[in-house]
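These are the structures in question, set out in turn.
You will see two complexes here that share chain A, one where it goes with chain B and one where it goes with chain C.
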Partner chain A sequence: MSIRLTVDNVKLSYGDFMALKGVSFEIESGKFVTLLGPSGCGKTTLLRCIAGFLDPDEGNILFDGKRVNDVPPHKRNTAMCFQSYALFPHKNIYENIRFGLRMHKVPLSEHEARIHEAMEMVGLTGMDNRKPYELSGGQQQRVALARCVVVRPDLLLFDEPLSNLDAKLREKVRVEIRDLQRKLGITAIYVTHDQAEALAISDTIIAMNHGVIEQIDEPRRIYDKSANRFVADFIGTANLVKGSFRERDELNLVVDSENGTFIVQDDDYKELDDISVAWRPEDMVPVLDKENPPAGCNLVTGIVRNSVYMGERLDVFLSCGNNTFRASVARDYLIPEGTEFTFAVPFSKTRIVKG
Partner chain B sequence: MKKRKKFDWGYLLLIPGIGYIGFFVIISAYVMISQSFGLYNAITGEVAFTLESWKNVLDKSFFDSLWFTLQISIVVSLVSIAITYPLALLLQKSKARKWLLPLIKIPYFIPGLVGSFLIVNLIDYHGLLNEVLILLKIIKEPMRLRNDANGIAVIIIHIWKNVPFMMIIMFSAIEGVRQDIKDCARNLGANSLKVLWHITLPLTVSSALVSVILTFIRTFNDYAISSTAGPMYPLSLSNLMKTTAYTYDDWTTAGCIGVLMTIVTVIFMVLYTILGKYLKQGGSKDA
Partner chain C sequence: MPDRNRNRSLTKKLVAFIIPACLGLIFMAWFVVPMGMAVLWSLVNPDYSWSYPQIFPSHLSLYHWKHVFRYTNILGAIKNSLIVATMTTIGSVILAIPTAYAIGRRKLIGSETFKIIILLPMAMPGMAMAIFLGRMFSKWGLSNSYLGIALAHILCTLPLLLRILTVSFESMPQDIIDAASNLGANPWYRFKEVYVPMIVPGLIAGCIFTFIGSMEEFNLSFIIGAPRIQTVPTILYSYLGYNFLRTNASVVTLVMMVPNIIVLMLTEHFIKTEYLGAALGKM
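Right after this comes the complex of A and B.
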């Protein structure tokens, strides 16, 4: 049923443009992995290579160790949920879901039970005779999902399946997708540019940019221990300042920057050339009593340029020399624009990223 | 309190379009129908109600013409779609379509009469086709293709003229089938042939029907091609109408033929429309 996927040094060009510049990774059977990156980073191209719609120029794609580069899409036993849902407009819901069973030559006697089981899983019971155009976006996506799982594929592929849904529905359906995948135990690859979605849904995130993989990690580490400037900045929001390493003592690394000296507690850094200091807006703590700042923190002082009430949080944009840092604090604070203000960033919440 | 429904003055904007078409359709239908009953005469102005022409028109030559024209139209529509559909599929996948497609469309823009002359010259008794076939010793005697009783020349010219016309419709219909839907079908286990059968074909069958209807009507009502390349007997209906009016000076009977031609055209339009709807529904249930 479920397979181990290996992508080995896959390269692909469109004319002069290299969409994939040698991508390698492995996904264990039954895992939910997200390819995350901005538009044009090669994530959909990679997904289409795995599905067999595109042939890599170089490199191999292996299902359970077997090379599938030459296997046509209809023989790969993958099932893909498309961004556009791609429902067959001339078929009703029942026939849409049945299509894969017919193509896979599943005995007729099994069709009805399997289709209704799939429809029940996605909450579409009783909609057999509806036409795709009679359904809402969320329902259409559920049909697409049922159509995928009914064939019991070895690999589930998702190409930004939720991007056409509204925010609330997106959250609901993504939980459903995750539950369904867990229940069925099918290896899944999910393409998205939405970092919140990636963090919420994945066992592992593969962050991509310009056709290369920037980091492969579990969601918590991707966010807390971003490997480089791109990942830190793309996943969530990061405050970044270029720095140069001065010295270290036991736990602490001392880094000089144009915004002063930072003490960083980060045991995960790989190198100390070409680095930036990074921290998250939500790790900035307002310092109300300047005479007694909290211990174990870097202090960042600047002029409050904007103070934006977001409802659940208050976002403060702080001008410090040539840089603007963003702080996200509890909504109860009143931090007036135009005043000088100091924030504290715990040593343990600052880290070193490459770039 | 009930609100009175106000007249929407916006409907008046439709007058230039619908009014124009409606006016001319009604006028010409009125002229044709009243002429067939002797109630309209544009030449002498003498009018008198008569059913004489309606009694005379339904003779053997009319039925021969009707049958001949129907046969030609059906054969042309079916053969044209049989050529166009696979050709459109091939073209859609071909990299050379950028220059092949305009090339294929050329006959559509050439006037029927000119095309007719062109092809007649090729297939005539001592035309290029016969000469080459004799030279290659494939045939001994030249074949009579032009003005033959079966209307072979007419059929060939109509197909030559109608394939490009159908191509304009079918190419965009096939091109219009979304790639993600086809990809999805492949992903779910369909090979190219099954994608064609289960996806492309059902999604383009209504366009194919439309192009068959239009080709049928174009062929059924043609005058230029059948008058240059068609047989002396039976004449196509348009030819019969023209001959009746101009050669026999019998405008009343010609009016009857005109009415009958229009009725046949309308019957086929309705028939095809019903068929199209039925196929569309059937396709969705089972295809």
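Right after this comes the complex of A and C.
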């Protein structure tokens, strides 16, 4: 039912453009994995290779250890939800969902029960005779989802399935997708460029850029322990400043930068050449009493360029030398624009990233 | 504010009533008037001339109808026309679907050029083509046969059908084809369950053009088919040439319209909303 997917050094070019420059990873059976990256990073290309729509130039794709490169898409038993939904416009909802059962030669007697079960799972009961164009975007994506799960695939593939929905609905359907996948225990690969979506839905995130994998990690680690500048900046917001390593004092790494010296408590770093200091906006704490700054923190002082009230948070853009840093603080603070202000960043929240 | 509302309701009226009314009038002038003239001319009593300033003929009779049905083999010609048109339509569809698929869905080198080349037969004057084809066909023994006329007609009708179907194939979203194969459809099922239903609107439109085009084609039918195979247009043209008889020509014209109207009504009956949905649905 559910399979382990192995992608082994997959390369693919479109003419001169290398979309995938040797991508390898493995996904355990039943896991929900997200391919995350900006547009053009190769994530959709990779998904299409896994589905069999594209042939890698090099490298192997294995389902449960069996090479499937030469297996055509209709024999791979994967099921994909498309960004465009890709429902059959000439078939009604019931027939759309039934299509896969007919193609897989499932006995006729099972069809109705399985279809109605799938429709119930996605909340479409009673829509049998509707046509796709009579449904809203959210409903169409649910039909697509039902059409996928009804065939009980080995692998569920999602190609930015929610990007045509509005924000509220997106969050709702995303939870539904995750619940359904967990319930059925089918290995799932989900392509998105939306980092919030990736963090919310995945067991593991594979961050990609320019056809290579930048980091594979669980959401918490990919956010808190970003491996490099790209990941830190793409997932969430990061304040980054180029630094050079000076010395090490027990747990503390001392790094010089154009914005002063930072002390970093990071036992996860690998190299100390070509590094930046990184910290998250929400880890910046306003220092109200400058005479007594909190202990164990790096202090960042600058001129408040903008102070933007976001409702849930107050975003402050702080001008420090040539850099602008972003602080995201509780909405109760009043931090006037144009004044000098100091923020504290705990050593433990300051990180070293490559690049 | 009231002014703007009035403007808006004027626009609505314009769209809902005035524009269709204008189109209706143009349609009347363009279709109903000639039709009415043909009906009247076919009913003119030969003993009483119909001339200016009479608006309607003074006496009516079925003389010309009886004459045409007695002295020409018009029923046989209708049969011939129907056989040829059916063969032409079937042949065109069989040739056009795979070709249009190849041009529309496969990335072929030079397919843009090919798209223009296939339209060239439409630019060639029918008579010029008829004369050269007639020569070749008589050499190959295809003259005076249904097959010969149908083959010649296919040459004329294929470009348009091909063009329509190519567009149908091209405009099909790749995602839908991928979704089908992803759900386990092999190439045959993809063709049967996805491609065909989705090209049906174009296919039906193309078939109507092909069928009616073949029914009304004169040059090739005459040069390749005559004298053994007479089609309705060859009878019609015999009244339009040297011995010009508007009355009998009107009869034949009206007779010729009958199968065409039947075809149109049948297709209208068979094009269901689901196919319109396929053409217009959100994708």
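The rule we apply is simple: the second predicted complex is superposed on the first by the 355 of 355 C-alpha atoms of A that agree within 3 Å, B and C clash if a C-alpha of one lies under 4 Å from a C-alpha of the other, contacts with A are read in each partner's own complex, and residues count from 1 in each chain.
Throughout what follows, contacts are C-beta pairs under 8 Å (C-beta built on N, C-alpha and C of every residue); 3 or more make two chains touch, one makes a residue touch a chain.
Keep in mind that what you see is a predicted model, and the values were worked out from it rather than measured.
J.: Sharing chain A, do chain B and chain C clash or fit in the superposition?
T.: When both complexes are placed onto chain A, chain B and chain C end up clashing with one another.
J.: With both complexes superposed on chain A, which partner does A:His90 reach: first (chain B), second (chain C), both or neither?
T.: In the superposition, A:His90 contacts both chain B and chain C.
J.: After the superposition on A, what does A:Pro132 contact: first (chain B), second (chain C), both or neither?
T.: In the superposed model, A:Pro132 contacts chain C only, not chain B.
J.: In the overlay, answer first, second, both or neither for which of chain B and chain C A:Phe53 touches.
T.: Both partners.
J.: Could you tell me if A:Lys11 is touching chain B, chain C, both of them or neither one (first, second, both, neither)?
T.: Touch partners of A:Lys11: none, neither chain B nor chain C.
J.: Once the structures are superposed on A, label A:His111 by its partner contacts, choosing first (chain B), second (chain C), both or neither.
T.: neither
J.: Let me check the overlay on chain A: which residues of chain A are in contact with chain B and also with chain C?
T.: In chain A, residues 51-53, 72-75, 77-80, 82-84, 86-91, 99-100, 103-104, 131, 147, 151, 157 are touched by chain B and also by chain C.
J.: How about chain C: which of its residues touch chain A in the complex?
T.: On the chain C side, the touching residues are 173, 175-176, 178-186, 189, 193-194, 197-198, 200, 274-275, 277-278, 280-283.
J.: If we count contacts the way the header does, which residues on chain A are in touch with chain C in the complex?
T.: Residues of chain A touching chain C: 51-53, 72-75, 77-80, 82-91, 99-100, 103-104, 131-133, 140, 144, 147-148, 151, 157.
J.: Where on chain A is chain B touching in the complex?
T.: Listed in rising order, the residues of chain A that touch chain B are 51-53, 72-75, 77-80, 82-84, 86-92, 95, 99-100, 103-104, 131, 147, 151, 157.
J.: So in the complex, which bits of chain B are touching chain A?
T.: It comes out as residues 178, 180-181, 183-191, 194, 198-199, 202-203, 280, 283-287.
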